[in-house]
Every structure is written in structure tokens, then in C-alpha cells.
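Shared between the two complexes below is subunit A, which pairs with subunit B and subunit C, respectively.
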Partner chain A sequence: MAKTLALVTVVSLAACILGSSQAAETTGLAPQRLVGMRRITQDQYRQIIADVFGKTIKLGGRFEPDQRDAGLLAVGASQVSVTASGFEQYDDMARSIAAQVVDEQHRPVMIPCAPASAQRPDDACAGKFLSSVGRVLYRRPLTQRELADEVKIASDVSSRLHDFYAGLGSALTGMLESAQFLFRQETARPAAADAAHLQLDGYSKASRLSFLLWNSAPDLPLLEAAEHGELDSSDGLARQADRMLASPRLEAGVRAFFSDMLGFSTFEGLAKDPVLYPKFSARIAADAQEQTLRTIVDLLLHQHGDYRDLFTTRTTFLTPLLGALYKIPVTTPDDLPDAWVRYEYPENAEQAGIISEASFVALHSQPGRSSPTVRGKALREVLLCQKVPDPPGNVNFALVQDTNNPDFKTARQRLTAHRSAPTCAGCHKIMDPIGLALENFDTTGAFRAMENGAPIDPSGEIDGIKFSDAKGLGKAIHDNPATTGCVVNRLFTYATGRTATKEEIGSMQRDFGQAFAKSGYDMKALLRSIATSNEFYRVAKPEIRADIPAASQLAQEGERR
Partner chain B sequence: MNLAARLGRRRVLRGMLGGAAVTVGMPFLDCFLDTNGTALADGTQLPTIFATWFFGCGLNPGRWEPKTAGKLVDLGPELEPLRPYMSKVNVLSGFKVHLDGKPALPHITGRIAVSTGVVPAAGQKTALPSVDTIIADQIGNKTRFRSIEVSCIGSRNSESVRAGNIMNPSEVSPAALYTRIFGPDFRDPNAADFVPDPKVMARQSVLSGVKDQLTDLQQMIGAADKVRLEEYLTSVRQLEQQLDLELQKPEPLKACSIPQKPTGELTPSAEVDTMHTNHKLFVQLIANALACGQTRVANIALTEGLSTLRRSGNAVIHHTHTHEEPVDPKLGYQPNVAWFVGNVMTAMAEMIATFDGLKEGDRSLLDRMLVWVSTETGYAKVHSTDNIPALTVGGANGRVRTGQHIQTAGDPITRVGLTVQQAMGVPVNSWGGDSMSTSRTITEILA
Partner chain C sequence: MSKLASHIANIGRRGRVCAAFLTGIAVLPLQSAVAETKSYVVSWFYMATYSQDGDCPDGLNDSIEQHFRKVLAQLGKSQPEIEALVKAIPGSMYVTYGDRGRIDGRPVSPYLYPTSVPDPQIKILKGKVGYGFDLDGKEGPDDFTDPETGEHGVDNQVYRVMGCFVPQRAFPPDRPGFPAAEWDMPRDAMPAWLVEVTGDDLSKDGDVTIGVYRATAPVQRSTDGAPIPDMTFRVSGDRRSYNVVKGHLKNGVVISDTFTFNMLGDVFYQPEFHLADSRLRLTLKSDGTARGVIGGYENWRNLYSAYAAGGVFNEAVVSLDVPGIYYALKRMADAYPDPKTGENTAISTAYTIEALPAFIVHDEKTAAATSAAQNLSR
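For the complex of A and B:
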């Protein structure tokens, strides 16, 4: 019974989305220029399908892997295409989704009309459904030609298979595997007062806004705002941004951004040696990500906290499974053994802040042991946006981390030996001293005081600031000016799907950075200032030079983007 | 001309597919194969097949190269597991990546240079295709799958990259690969009855519509995105081709047998025993897929360039050992690294045994294969890009002479990629960039 009710509720929501969009005219749209093409990520695909068709639609199959570039999947999305095997998967998924949408269980609520005969084509009914669903999937109204083509596919297949719904399902399948759906296509026209840039059209703005704030396609009010040109005025844009920032769906957007920034996609395939670390499991890895995301959402959205406090907060969220890993007793209600529990680390605890959580220390480790170098590199690159140079060739690593060497029991001792080599010293001195501060957490994130029988010394320094342990490191990250500059940079890059130019980095730190500081490093304020800025919607005009071969321009363009 | 084209079969079937499924009883067309099953009856050889087999972290200099050049009469100790197959392999030593002053990013530069022929400049990426995709575009357009990529350690990455940095993702689960190849969409070439499915034609209409809607986009798109959109279009066409083939009675292939769905698959990981188990399942499936004409290009990655292979219960991975393990003064090499290399070479021998063990008449599948075995590093301990090991396996339908050791003193490794392309019929005379540019084929191994 409960299941049925849930189905009705979700399906009704979906029907509401589909039904009310019928009023939209399927007017032709003549975009001037396609300036961006970002493949929707796995999470976005899931979210859109849930938003449009409800959560009862199951997604079978696998996705083509997303790719990370410049530290973000959001940037990689601007560079990937769909490979042959990837398209097979999208096709499987599209057919499965379409079959569920038109099946007997869902069709009464999903499809806003009934055909004259279930065995024959009905162009009017098909058109009604396809135009409304197409508008949400393509994130703009279908052109008349697109709609006519979709209706024709539905009609042809309905005739061939003597089944109206099979035809409708086929047309829907086509939409779900079309480039229009799988890629966020941005169109732009020249900006009135700015010859060097193009200005995104209303629907492209709506998509940028919606994927930034909700990690999903625009909802109907946003599409309507785009249709009526509201997003071209700063008032109209601010109205929509404020509406979306006030929505509970903002949480999905914030989660998506931090999952991307913190590299959580790398958890897929993360393994720890089961003989050495029998407690670690895929379930713990999933809980570890959720722990950090809950901490972030609670502090930044629910408490309206200071971004920097993420690195010092004593508040976290645990499951009994995580409690076992961290050796913290977690009690849950009898009927909810896997429930999440809010937890305050005691004043004298070793942990505080998200860098002492398994989502950081376990992710940036090797399968069989911790790695101060990898952790130090991640701290620099992920949280401070500082690039650590790649290691040189022809380096002799002999004796460095031989854990059986009686003279070098701890990682600190081994790395100190390594740093004595001049070719290694330059980079290791910016990674190791901060990574070593996290050595009290083994490769799974569990606390340890000793390594190979010798006590661990977690003291160190970062950019001249000395600290005595992981909590001290968290405080130093909290106080480091690069920390807030980094999240501004990352969020803008994430939002636009490309690395910022040097000029943009300067202006974003000046404009967004100052506003962020003034707000007390309130994430919502930062999101708002980006979402309502001109910079967010500006697109550089691509230069096409006749004197350079197309192939090398192509490579350059790839680099620039 | 293929059978379907000769008989105009597809046209016939299209006409019959107005309504319910029809069964087209086909005689078992043995007459179209020669009596041995090694060629089609018109004398055409069964098609030549290309595969890559990649492993990371190289081999130890002085421990793998045969001592003598020319006919392969001896093997370095690290190649010892290949001894039973000496007549079927070529060992290529002394080839290197010429950096031309560009940075050697450990495990990355070598990999890109070996597979695309170009060393990326500092801070740049190459947008060039890897050799296997050039070959797949040449020979993979008539099969269900243009190519198949697998990783034996659970990484969805692959070494197969199409123009514009578009990477073909790897399958990590043998069971998933089985379903993809031999699942419901598989048409048994040797089945007596052939039942075309009218739903397949509905799917064709859908794909045709998807393609039609790209026309407007293609006209308003910039150069970099155009490549990506064209790649998407190529992928749509590949699926269309799969559907076309589903509507045709395939040519019979005597050696094609449908394997059982693999069991015993282990959750993919870089733990050595798991790697062996999944590698074995993968190569068997690929052998069956090749014998059944489902693809002509397969890319098998045993590990990634930075090899994460590990021994159960041991904290240190292969890659870390290559750098940190001291050279044993008595043995003269790193014993743990040698243990991992031994496992890599055992897996390679397993691969050869599987392809060679699938008999097609009096020959083996391997006889019509060219397998390019590559790695990204010479001496991994120091991230060297000199003396990067390379091997070829299989006679490529008589196009490649095997059983030789080709020894050079620092020739660009692009000579190997060029030779492989020419052996597979790619019309290319020179390949590679800057000092890696070469037009010198390894003529000794080309028949």
C-alpha cells in the first residue's frame, strides 16, 4: 500500500511537470551559434529522469565514465563525446526508460491524452506528449521540425508494430539518446556593448543556472522565464536565482559541486587490501562520502556557516559502520540500524574538519598504506588550487620507503631520506610536511598512534605556519588565504565548464572573492553572486584565423576551453 | 562482396517485415566456407584481426631482451613464460621515445608517444588518435563492434583514444562483456533458422531520426565541438550497423561457438590473482567474439601505465616497488618487481595460448591475428623512456613473419606503430612527430 501511494505521489509530480507544460507553444527557435556542448554527467542524467518521470522509473545499465580535467568532471564534460560503446549503453538505458514511461502502469499519469486506438498512430496525442516532454529534456521548446520528426517516428513505428505506445516509446527513446538531450548545448549571440564576447540566449542561461544550483535541467517556471526574456534583465535573473537558492533542491547542487571538487568519483574502484584492512568495504566508502557531504550541507546550507569552518568543525555525521572504523560508539534507534547520527567530536579528539575524514584520507592513499605525499599533493591541488609539478624522470627512489628498513620505520623518516635528494626536495617539501600531519589516519581513515611500533609525529608546517597535528593543519587551512580563493575559482570553473582565463581569475577574485569575504564566506552568497553575474553568462568569441591550419586551431581551441 | 549483398537478402527481409516475426529457414550454408573452415569458399581468407595487449611499468633492462638478433633462439629470463610460443612472436628491443626536450611525465608521456606517435609539448595534450583506432576505422566497419576494450584490473580507462582525446572506455566485468556480445542481440552465424525481429527496424527508425536532428547543429558548431559531434554521429552509425547486421543472416563461421556465460568472475581489482582470473575470462570471451565475427579489433589492458598490481596482504603495489625496492646485490635485480613482471608475462602466455588454442580448421585464430604488446616505460625504476619493450604476436594471415628478435640502438618506437599499421593495411607511409617521425618500416617482420 505504501509503495502504491509513493508511486502515485511521484508520478503525480511528474504528470504535473509534463501536463502544465502543454501550454507551451512549440515555436521555432533560431539560435545563432552553438558555443558550448557539455555532456550531462551520470548524476545529472539520473536527476533529470527522476525530475521528469518520477523516481519509480528505474535506470538499468551503465554509463560511459565521466572524465576529469583541470581537477573537475565539469570541465571534462566540455571535452568528451559519446563513444560507440557509450552510445550502446545510452541506447539500452533510453529504451528501458521509455518502455517504463509508456507501460500500462505509468501511461495513465505520464501521457496527457489517450489515443483514439491503442493499435494505431495518433499524431495529435503523440505530439502533445512529445512536445511537453521534449521541452524539459531538451531544455527548450522543440522546433517545429524536431516535433514533426518525432511525431513521424512515433507514427511509423506505431503503424509497423500496430501499437501506439510502442511508437511513442520509440520517439521518446530517440529523444533520450539524442545529442540535444545528452549534451547541454549552449547557443549565443553577439553581446550588444561588447564586441569580444557573445551573450548566451535565455534557454542556455536557464540551463547554466539550473545545473549550477540544482544539478538538473530547468524546471517549468525557469523555462517560462527564459521564454519571456526575463533572464536577460538583471532583475529577472535575480528573481529566478533567489527562487532557486531558496529551494530545497539547492542541496543537490551543492552536493554535486563538492563531490566534483573533492574528487569523489575516484571512489569508484577504490580498494583497500582486504587482508590488511578487513573492515574497509564499498559500503564504508559510500558512507565516507556521505559523511562529508552531510557535514558540508549542514554547515554551509542549514547553519549558514563560514566555508573555512569545514576544516575545523567538530560536528560530523556518522553511521554505526563509520563509528566502527573511527572507533566511536554510534547508537541508533532499534528500528533504524543504519541511520545517520549527528556527532560532536570531543574537544580533545584527534579529528576535526573534513580533511580528517575517511573521504579525504582514504581517497588519497594507496591500497595497502597511507601516503603523505599523495595527501599533501591533494591538499595543495584540491583545497588550495596550487599545482604541484610532476615528478622528473630519472629519479632513484632506492631505500626511500622500504618499510622493512630498520632505520626508517615511519613515513616521516622514509620521506626525510627521500627529500635529501636535491631533485626531489623542491616538490616534496611542499607536499610532505602537510601530508605527514594526517599520518595518524591509516589508509582507511582509522586512527593510529604508532606505525611499525614507532610513535607517529604529526607536526609540520604549511606556508610558514607551524602546527602540531591534523587539527592544527585544519586550522592552518582555515586561515590560509588560498583556501577561500580556491573555492571561488573552482565554483566559477565548475559553473562555466572551462578553466578561467588569467583576466577572469583576477576579476573573479576581486568581485566574487570580496563579496564572499563580506558575506562571512557564506556559500549561498557566493553561489548567488556568480549566478547573477554577467561573467557567468559571457562567452568569448572564438577566433578563426585563415592562416593557421584548422587542425592546429582545433587543438588550441581544445586547450583553451 | 559479402553473402547478404550477393543475395540482396536484406532487401528481401525488409519486404517481409511488415508485421509479425517471420522465420526464414536457411539451409546451413556450409558451401560458402571451404572444407577446412579456414576461408570463405571463394578463397577469401577469414579477415585479419588486430589486438593490443598493454601492461604498465615495463620490463627490466638486461633481463628481457634476447641476446642474439635475428632468428629468435633465446629469451631474457623475464620473457621465459613465452618460450612455448617463440615461433609465434617477435621481440622488438632497443626502441625508445625521443623527447626532443619535451617533459617526460612519468607513465604518461611514454604511453601517449607509443600509441599516437607524438610526444605532447609541455602543458599540452595531444588530440591524435591511438593506432588501434586508426586500424579500427580501417577494418572495423563491417562488424557489430568496431572494437572492444577491456581492463583486467577494474579501470574504466583504456589506452584506446580516438581523435580529439575521446577515450573508448574499458569493460571491467567479463559477465557484462558476455552480455554485450553474446546477449539477446547476438545472431549465431551457424544457426539453421534465422528470425529477424521487427522491433529492430523500429530501432533503426529511431536512430535515423537521431541522425537527422544533427544536421542543424553541425552547421552552427565550432571546430573543437564539431569533432565531438562527429564522434557522437559515428557512434550512432556504429549502432545502426549492429542493427543492420541483426537483420541479416550472418555468414557461417565454423569456429564460432557460443561460450557459456562466464562464472567465477571476481570483483575487479588490481590484486594479482583477481587480475589473472578476470584476464583469463576476458581473453576467452574475446577469442570467441573474434571467431564469431563480432569484431576485428580488441584492446586488452592488463594494467594501467602506472601499474597498481598488488599482492594480497602486501601493502606495496607494483609501481611503488619499481621505485623503492633496492636492487638485490646478489641477484642483480629487484626481486619483488621481478615477481610482478613474472605475473605479467604469465598472463601474456595465457593470452597467446587462448588465441592459439582456438582452432579454425588446421590453423588457429592467432594465425590471422596481429597482437601488439606494448608498455609505456623502459626501466620503471627511473621512469626511463629508453629501450621500451615491444612484442608482436601472431602471423596476421601471413602478413607478419614471426620468430624474430629485432634489435635496434635507440630507433624511435614509432617504427613499431608504423609497421603495425602497414601490416593491417592502413595506407600510411610515415608516422610520428618531430624526431619520432619515421617512414622506416620494420621490414624484417613484414611478409
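For the complex of A and C:
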């Protein structure tokens, strides 16, 4: 069974590649090449289904895990395919969604026509529905052959089951589990004045733009702009980008980017020792992520604030559960006991900025103890884009992990002893001094002044800048030039789904970085400058390797089997 | 109306008058006028026990099977019938227990009509150490000595009635199984109980004001099943659960003046608590938690009603003898005699309180009720 499904997946993937070349043939444009495929993420899947069919459609089943590469799921999405078991899950979800879309409750709203008879095929009505839905799901119009195939499936099933809607559901199921839907396929043609690169076609540009700004498929105006070639002109592109930047849906895009950049998907596997930390629960973990995302959205989108202020802001958002974790009173209306409330830390509070929130300190900790080293590594890698080498394989962590050692009561004391080994000292020197600044927050994010009865010393130093506590660290991150350079790099990498080349890193820092600084580190301005740039839509010519058979050949072989 | 019931009803009337008088007057929350407040959410509330070997010299009350056999024998079942029904436990018990009472020869519920079965003379605790307070200012033969304070003349007849049932027995800090379970089961739905201690400086001895309130929402649980500490609770403005009393802090232990404790519970637990001549003792611990005892006189019929509501479950699963409790409570009631019959309407009791740190928020409505309650306590 698994083998059969795997084969189906390969054939399906290959078929989509064939489909793309056929699309080019049908539209009569210059030959295009498939230059990229990215599996849509779990969030994107959910968002697209909600956008196309509404929020009343429920998603059953589980998604295949997304893969993180170069620190981002967006990059990992270019590296993954669909496993046999994953395909089964997509199949389950597709069947469930399609059944809901054509059921008696939804069909009057979802299906733009009524069949001549509900017991017989109606190719005209089926074609109308499948072409309009397919355009959004595939992020481009269906080719004539694709549409004819889908209508035939609908017709065959309707005939056999004497149920027009069952046939329509079957065709929709097939579309929802097709590679054309599950993978963002990008096609390109040679750029006019650049022999080394290809230029994405309009629909691929529309997808890049939409997934960057809204984390979803293009809407109808954007698809129409692509169809009319508007996205090939700077003005047309800017018009669409500005429209989308002004939309409330931008929040979904910003949330998706920062969730990815801050590694929130790893919360799924995060656990804390329930004996030591009974307050920490899955609900608190979910609230912790939401706290930071609300802080980000509020500062960057609603207040049009400076990106760097994320590390010093005293404004945050809390639920009663988070209030219990942080020991802060949180009052909500009686009828909304789990509501979010805006909260301003007092000036003398120990917390400030998103690095003092549970979404950072709890995520980058061990289950039973905090970890200045893990936190320091995360600060370097996630926020400053500085790679910290992995530890050697023969490190003895016994002393660091022994939190009950009476001679080394605090993490600082344990790490100081651990660093005495020369093989460890090099890397710990760049991680520990910044991670120790967050030691006032235990592994769940709760504040503590003491560890094992000894006072915690949260002072430290980063790149020559000394500070006395977590707030000082936040200020140092705020002022560090690598902080803004990092978010520029991350956003471009996230947007393109690949790590930037050395050339691109230089030009992106020069072009986007300067514009970002000039805007006062306004996130919207950075998004706009990337979304309207040529670099965003430019792709390197793929290397043709003679030893790898063409996708079309693979597909044909699959069909023969 | 009994003296106790009349007393409580009078308090209710006076409260309404004061609350009405104060409507529209800007009233500050209790804690705003003083220097320091410690706030708690009650995490556990159960019958205070101090079970020790030898405190039931007549033995412990029957196990479930022993009790069932006795009931069957009383109903005139033959030995083979008894054995067959015992084999069919627990199903057979539900059929047998629920209508084993007899009035004019007809079967009735022994929970609704406890005197429809003979007094089984349940075993009574006869130990000398028990939690509570000297409520009547007298030292009698049935009185206990409190194990923490050494206070003599402690009145706690409920402990004598219930103390020889196995599920009611525990030595602190263990909690007695059934009373703790009774508290634990409804608390996901029952609004939390709150305690607030306010004084000039709670690190020193001195006068304090103690508030015991009901919140507008239940506790939420940690991953270990206990309530989450440090949550924020709003105080309900319902005066049926609003208690403010003066007290004194000494060596970290708060002891209240005498007051009437009123609190709504839960329909699946005990719908209402009313303790007359009540006193509260609470140790404010350095880890932020608190533990103590509240004692007073409770209408014994109300108390019985809570056991009767559990009916067959309390007998077939918990191993209580519900009609036996009725007879014992009535026999051992020790206060508030009915002026007509002379029968005592109330029985002395004590509950253990365990509390976790919490934030308590008073709104304008509850602040008005606070003032009303403060007036009452003067």
C-alpha cells in the first residue's frame, strides 16, 4: 500500500511538472521552466482552505511535519516531498474538505451553479465550479486539459453514484491532494538582460508576493493582475504590493514570518518537568507564542514602530494563565475569562522585550532547568544570524546538568567550571555571557531572583558591550548592527525559500538594509522593498545534470509501471 | 425557625440594608487603605482530621461488604440470599440500598427518610486530640485539644461523628480521602474561594483584617492537577459568600475574631456553608502558601443533606452509613437548641484550609459589598 502511494506521489509530482510545460504550450508564451517547488506549510494549507472555502470548513487529520533548514521552515519547504503516510493524511483531509464543500449546508454558497439534475452529471456546472476553485487552489488558471480531466472525473463518478455532488467532491478531492496544490510550483523564463538568471512568470510572482505578505494563495485581484501581465512592470507590482500591505491580512504574513524566524514550530515538542514546573502546560506554551506575536504585530504593524524596539519594549499582552506564570495580576471581563489584555511592564520590572518572554526563554531551555548556553546560542543564531559551532562529540555535561551540586549552586558557577576545559571555552565564550543575562527567568519563563538559595548574577557582555541584566541585554541587542542585518537576511531568505548567495547577502544589506534604516526600521517598509524588488523574483538558472533523468521521463516511467 | 437560621437570616437582612445605603457612594477596595495584603486562593477545604491509632476504641465503621451484609440481614434476607447478593456487588447494592427504609411497611429512601431504618449506632471517635476552637468557652468531656495551638475545650463534634469511617481518616499533612475528593470533584466548575489578609505590616505581629470571598470563576489546574497559583481572581459581589472579619497576626499565624462564615459551595458538594460563632486560624507560610483551620457551628441538618444527596454512592462506594450519620449528627449536635423542642440545631465542626498565592481584584460593586460586610462585623 505504502509503495503504491509513494508511486502515486512520484507520478503526481512528475505530472505537475508536465502540467507546467503544458500550461506554457497552451498559453502560447515562451517556453517556461519549472525552477522551484515548495511544499505549502501547515499554516498555509489551513489559511488557503479558510480563504477559499471559509472558516466553517473543518480540517481533520494530521500534517506531515514541516522541515526546518537554515533556521527556517520556509527553506525546508523546498527540500521536502510527500511520504506515503503523509499522502494518506493529505488524502484524508482532501476527502473531508471536499465532502464538506459539497454537502447540503455549504453547496448553495460554494457552488456557483445548480445542476440540471442532482442525480446526473452536469459538465457545464462542474466545469464552472472546478475552474474557479482550481484557479485559486493551483494559483493559476487550469489548463484546458487539466480542466477537462477534472470534469471527466466528476462526470464519471456522478454517473456511477447517480449523484452530481459526489462527482464534484471526487474531482475536488483530487485537486486538493494534487502536487499542483500541495506544492508551490514556480516557473520562469530567461530574463531579458540577464543571461545568468531567469525571471519568474506572473503567476509565480503572484504566489511569492502573496505567500510573503499574507501567507496564503493569491486572491482574485492578484491573479487577474498576473493574468494581465501587470506584475511584469514595476508600477503594477508596486500597486499590488501596496494593496496587500494595506490589507489587514498582512498580519497573517507577519505572524508567519516571525513564527518561522523565532522557531515557534519547535514548541510542538517542548515539555517541562511537570513535577518541578506544574504551571507549565500546552496552553501556556500556546499563550506564550501568541504573547510574542501580539507584541510584534502591535509594535510593528499597529504602532509602526522600530523593529529594534522589540527587544526593549515594555508593552506586552497577557492572559490570566501567563499572568500566573509571570506573577502579574491579569483581570479579564467575567464573560471572557481567557481574554488577552494589553499590559505595560513598570519601569523597574525585570522584564522588557520579547527575549524576556516565555516564548524565548522557555523555548530555549532544558525540560528541568534553564540553559544559558542554549539561550546564548539562540540569541546569536536566531536574532543576530551568527552561527555557533556544534559542540564536540565527547563533551562531559555532568557538571552543567547537576543543578543540586552544593558547590555550584547557580548556572553561572556551573558553567564557569565547565568552561575550564579548553575545548569548551571557545564557543561558551560567545554564548554564556549573553545567556546568563536571562538567568532570572527559569525554564518556564517565570522570574526568580535566586537559584538554590544563591543570588543570581545576570550581568554579562556582548561584543564588548557590558550590561547588568536582561533589560541591559535587550538594549544591547537593540543597538547591535547585526540585529537589523539579521532580520533583513532572514526575511529575504524566508521570502525566496532558499539561503542567499554571498553576492545577494552583500546587495541585500546594501539595498534593503539601507532602506530599512532610512525608514526607521519600519517592518512594512522592509517588506515593501523586498516585495517590489527584482531580486525577489529572480532565480538562478538551474544546473542541468545529465545523470538525472528529466521529470517528464520519470512520470512516463511511473505511468508504465 | 431555629436560632441559628434566624441569626443568619438577620445578618442577611442587615447586609442588604447596608449595601443599599452605600449604593452610589465611592468606596475604595479593602486593601487600598492599608499597607500590605496577602491574597490566596483556597486549594483544598475538607474536614479537619488528626487520625491516630486508638482514637476509635470500638473499632472502625464497617467496610462496604460488612455494612451490606448487615443491611441485608436487617431486611430479612436468608444466608444464601445474602451470599448471592454479596457476590453481585456492586450492582446488587444499588438495588438494595436505595429503598431499604420502611414506613408503614412500604419501601422508602433511607436518605430522604433516615429514621425509616433503625439507628445503626455508628462508631464514634473518642480521641482527645482534634482541630478546631473552643467555641462555647467551656471545657467538656467531649472536647478536644488542638494539636497545633494546644487550646483546650475544642468543640468539634462532627469529627467525632465522622472520624471512624475509614475514608474520613488521615493524619496531616495527608488529606482524608473522601472529604478531599468531595472538594476536588466540583472545583473545576465551582467558583474559587479566596482569602485576603490585610495589615499594616504582615512581617510583624499586629491587627489584621481578613476577607473570605467567592470568586467569579473557578480555579484552573496545573499539570499536576492542583490549582495554578498566582492566578488573578475577581471577587463576586454576592454577599452570600462575602466575609470580612477583624483578626490578629502573631508569629505568622492569623487568628480571626468570631464571625459568621457564609459561603456558597456547589450543588454536587455542599450547596452552602454557614458557620456560626466561627473562627479562622491561618498560618502564612514563607513560600507564599497558607494553611489553617476554620471552625464553627453548622446546622447539622444541612450537613446531613450533603451526605444524603450522595445517597447510594456514599454507602456503596465510599462505605459511609448515611442514616447512621443522621442519627449520630442529631445525637451529638451541641449548640443552638430549638427554643420549642430543646433539640440542638447545630453541631461544632472544623475544616482544614489550604491556600495558594493569588491575585484578588475587587471591583466597584464588590467594594460596596466589602464596606457593607465591614459594617456588619463591627
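What we mean here is this: the second predicted complex is superposed on the first by the 506 of 561 C-alpha atoms of A that agree within 3 Å, B and C clash if a C-alpha of one lies under 4 Å from a C-alpha of the other, contacts with A are read in each partner's own complex, and residues count from 1 in each chain.
We adopt the following convention: a contact is a pair of C-beta atoms (placed from the backbone, for glycine too) under 8 Å apart; a residue touches a chain by one contact, two chains touch by 3 or more.
None of the values given here were measured: they were computed from a predicted structure.
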**OP:** Would you sort A:83 into first (subunit B), second (subunit C), both or neither based on which partner it touches?
**Re:** first
Original post:
Does subunit B (first) or subunit C (second) touch A:334, or do both, or does neither?
Top reply: second
Subject >> Which of subunit B and subunit C A:275 touches, first, second, both or neither >> reply: both
Original post:
Between subunit B (first) and subunit C (second), which, if any, makes contact with A:67: first, second, both or neither?
Top reply: first
**OP:** Based on the superposed arrangement, let me know which partner A:161 touches: subunit B (first), subunit C (second), both, or neither?
**Re:** first
Original post:
Is A:451 in contact with subunit B, with subunit C, with both, or with neither (first, second, both, neither)?
Top reply: neither
Original post:
Of subunit B and subunit C, which one touches more residues of subunit A?
Top reply: B
Original post:
Of the partners subunit B and subunit C, which touch A:324 in the superposed model: first, second, both, neither?
Top reply: second
Original post:
Same subunit A residues contacting subunit B and subunit C, which ones?
Top reply: 274-275
Subject >> Residues of subunit B touching subunit A in the complex >> reply: 18-19, 103-106, 124-125, 127, 145-149, 154-157, 162, 164-169, 171, 176, 180, 198-199, 201-203, 205-207, 209-210, 212-214, 216-217, 220-225, 227-229, 231-232, 234-236, 238-239, 242, 268-271, 308, 310, 312-317, 320, 323-327, 381-385
**OP:** Note which residues of subunit C are touching subunit A in the complex, please.
**Re:** 216-217, 220, 222-224, 226, 228-232, 234, 359, 361
**OP:** Give every residue of subunit A touching subunit B within the complex, in rising order.
**Re:** 31-37, 62, 64-65, 67, 79-88, 91, 95, 143, 146, 149-150, 152-153, 156-157, 160-162, 166, 170-171, 173-174, 177-180, 182-183, 185, 187, 269, 271, 273-276, 366-369, 390-403, 542, 544, 550, 553-555, 557-559, 561
Original post:
Which subunit A residues qualify as touching subunit C in the complex?
Top reply: 274-275, 278-281, 320-321, 323-325, 327, 329-331, 334, 337
